[in-house]
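Labels for the chains are A, B, C and D, by order of writing; each one numbers its residues from 1.
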Amino acid sequence: MLDKNGIAKRIAKEVKDGYYVNLGIGIPTLVANFVREDIEVEFQSENGVLGMGPFPFEGEEDADVINAGKQTITTLPGASFFDSAMSFSMIRGQHVDLTILGAMEVAENGDIANWKIPGKMVKGMGGAMDLVASAENIIVAMMHTNRAGASKLLKTCSLPLTGVGCVKKVVTNLAVIEVTEKGFKLLERAPGVSVDTIKEATEGHLIVEGDIPEMNL
Amino acid sequence: MLDKNGIAKRIAKEVKDGYYVNLGIGIPTLVANFVREDIEVEFQSENGVLGMGPFPFEGEEDADVINAGKQTITTLPGASFFDSAMSFSMIRGQHVDLTILGAMEVAENGDIANWKIPGKMVKGMGGAMDLVASAENIIVAMMHTNRAGASKLLKTCSLPLTGVGCVKKVVTNLAVIEVTEKGFKLLERAPGVSVDTIKEATEGHLIVEGDIPEMNL
Amino acid sequence: MINKKVAGVTEALQGVKDNMTFMFGGFGLSGIPENAIAELVKLNVKGLTCVSNNAGVDDFGLGLLLQQKQIKKMISSYVGENDEFERQMLSGELEVELIPQGTLAERARAAQAGFPAFYTPAGYGTEVAEGKETREFNGKMYVLEHAFDADFGFIKAWKGDAAGNLIFKGTARNFNPNMCGAAKITVAEVEELVPVGELDPNEIHIPGIFVQRIFQGAHYEKRIEQRTVRQRS
Amino acid sequence: MINKKVAGVTEALQGVKDNMTFMFGGFGLSGIPENAIAELVKLNVKGLTCVSNNAGVDDFGLGLLLQQKQIKKMISSYVGENDEFERQMLSGELEVELIPQGTLAERARAAQAGFPAFYTPAGYGTEVAEGKETREFNGKMYVLEHAFDADFGFIKAWKGDAAGNLIFKGTARNFNPNMCGAAKITVAEVEELVPVGELDPNEIHIPGIFVQRIFQGAHYEKRIEQRTVRQRS
């Protein structure tokens, strides 16, 4: 079973040379730490920066240079700043190659819910609805079950949707799952996790074909 | 009766302090020469410049600084360059205060035709359709009649339209005419031109109320 | 050169009234029009509809207007980090319309550019699209969204000149350029008002035609919301 | 940094084929991709559909492709100043679609930004709107126009870097930024390719994400179409 860093590490393997990547807050942010150093990747943040670097050294923070999580950041050589309309042109126009974000629920048809729990304080969708409606390549990073132990990979989402039929892949603490036309297809098991454990933790239709390899992290 | 410079001079009086103005090619271009020097006006050219100045001195032409007529120009302090989409945001978004352009025909309902003569080589509408469809304040500068002596102020346009119901004012070699809901309203006569001469040269419905003053140039 | 310079924030905000709709640039606390917000607090205009990506924090940004209950309705994409906001929202005192961030940016740009409406994929199939027209283009579904219609737009830039030309800095740019010219009156405040002619015409982000009033802000706190640093190794 | 630099124009145009649709930046002869056009003449690809505000003059710009009868269809807003164009158009050899200039710019921008369609007032009530959906918003009529769909976009910028970042100069900017990222492959040529990191991130007009290939043009003539000067007094 993986911890958050483990999930991030596994997702980092999906990041290919030459990719522009948008990382959501939470586990997705950790992915940047595990991307291979021999490939070139640029990180986009929807508040208006391409070519994000690491956090600044203490004393070098600039209030005018932040990411979408409002954290102070730095930029790398080749970086650029732009306005919000152009930022979403990158996203909506499918110039960003990979979007990684968290979710509360994913359905077997690729629906995703990650912005609202009725009755609770709703903070908003931010850029998530634009990202999931536009990206060709969306990976969800999340725990397989919620705190109460209930599956987050469902037949249909119970929470208000963020987007429909858009998730292509889910990486959880238990498994790597591809969202296919026929449902969740199990691709890999987390180290030490059995197929039965994954089946039990998955409410949606899980397709298990042949031997399921353990993740190679 | 006015010549082209006379028409330009009369139209220049319609240019108010603080106006952003787009000038079409032909007579409209001449308007810039007659704008009062004690008011502040900025000229926009739809190929991407605001704050146009006079033509450059010989030897100072820059292939990268032209107007929409492809002429070499200069810029004044406070000028800016921008892309075509933003240029038409200025026009379509009604940030440009006054548009002055030529026409082949104007109808009494404000329709304008100035881009196409069927059977002849058609060069295109350029930015004219965007300008006439967007501007709140459009003045047409033209001769009252064509070379064959036929009126260019018509009941309905015979040529393919550039825009519908958009012209507010027409300044010709004979008169200043306001386009109202009831038709062409005669506002001023060119020096030495009688109301009858104007009536004769106007095919559309001409409204003549009270004494018609001579233009004060 | 058409002069847009006004003496200061008081003159810049002439005409603001109760029940108006305002647009505010800024993302989080970065690039927000600090001086205009402070003046709105002083003027204590009420019943406002505010379009802003975020709603500030309790004691800064639009949070200051919330404290005085000046805001009737917020149109935002993300409104966390603000206890007073949460209290007013849950109690029903404050009306909140949450919209996708890209839709917010483009509704501003559409108003700037004279487009009444546009089709965007964001929100299709979600409650954001409820009651809205949807339509298929090339096998994909889109939602029809409309341009904003606001009375004032409050913009913060880095440098500007009396002609209204603006240059933004870093990610403080965000929604600011898209909101210029999107409201009936655009009020720009800048950290530095430079002499006309000093800005390179090639480097201007927003030409002065989109700005009605400009002034140099008296003071900028530029508060950092999430100070995140790494250790020197 | 993702490297977009290619050796030169030959590598930059890999993949161009007969019957493709191309977009070209430039207004008149200003800001046109001179090197890409020269290479297209050399490759002699035929049956092209070309989106470009203008069609060059007889012996420069897209006029060079017309001379070789490489163009099947032009989509432009203004096509004067070109005798061969006129001859081919009047003889029916060349198909011409004339569209309003602002519509041309926005159809490019829509493709760049992932908008399938938009409503614009330009052309309403004229033959440009024939066969197109029209619609009223707030008492005014608009025409539905669609994003372009092109195979290659040929862009000319002033400076650029290997990351694909671009800065334009003067009115040579025109349609170039709006066409970046609007075609499947955007090929940018620049007068000067500078080392990565040299361009101020704040001054970049087009971020490299919209560009697939970049090279420094071997030579620029930058011909002036209407040399207009005033006398020194």
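Points to keep in mind about this one:
FYI, a residue touches a chain if its C-beta (ideal position, glycine included) is under 8 Å from a C-beta of that chain, and two chains touch if they have at least 3 such contacts.
Remember, it's a predicted structure, so these values are computed and weren't measured experimentally.
The chain with its Cα centre farthest from the Cα centre of chain A is B. Inter-chain centre distance (chain A to chain D, centres taken as mean C-alpha positions): 36 Å. Centroids of chain A and chain B (each the mean of its C-alpha atoms) stand 55 Å apart. The mean-CA centres of chain B and chain D are about 28 angstrom from one another, to the nearest whole unit.
Annotation for chain B: residues touching 2 or more other chains are 49, 81-82, 85, 88, 91-92, 134. The set of chain D residues touching two or more other chains comprises 106, 109, 114-115, 120-121, 168-170, 201-202.
In terms of which chains touch, the assembly is arranged in some other way, matching none of the line, ring, star or all-to-all patterns.
Of all possible chain pairs, the ones that touch are A-C, A-D, B-C, B-D, C-D.
Chain D makes touch with chain C in their complex at residues 106, 114-121, 137-138, 140, 142, 146, 167-170, 201-203. Residues 45-49, 54-58, 60-73, 81-85, 87-88, 91-92, 111, 121-130, 133-134, 160-165 of chain B are the ones touching chain D in the complex.
Within the complex formed with chain A, the chain C residues making contact are 27-31, 53, 76-80, 86, 89-90, 96, 98, 100-106, 108-109, 120-128, 158, 168-178, 205, 222-232. By the touch criterion given at the top, residues 1-3, 109, 111-115, 161-163, 165, 181, 196-197, 201-202, 204, 207-210 of chain C touch chain B in their complex. Residue ranges on chain A touching chain D, taken from their complex, read 18-20, 40-42, 44, 49-51, 75-82, 85-86, 88-96, 134.
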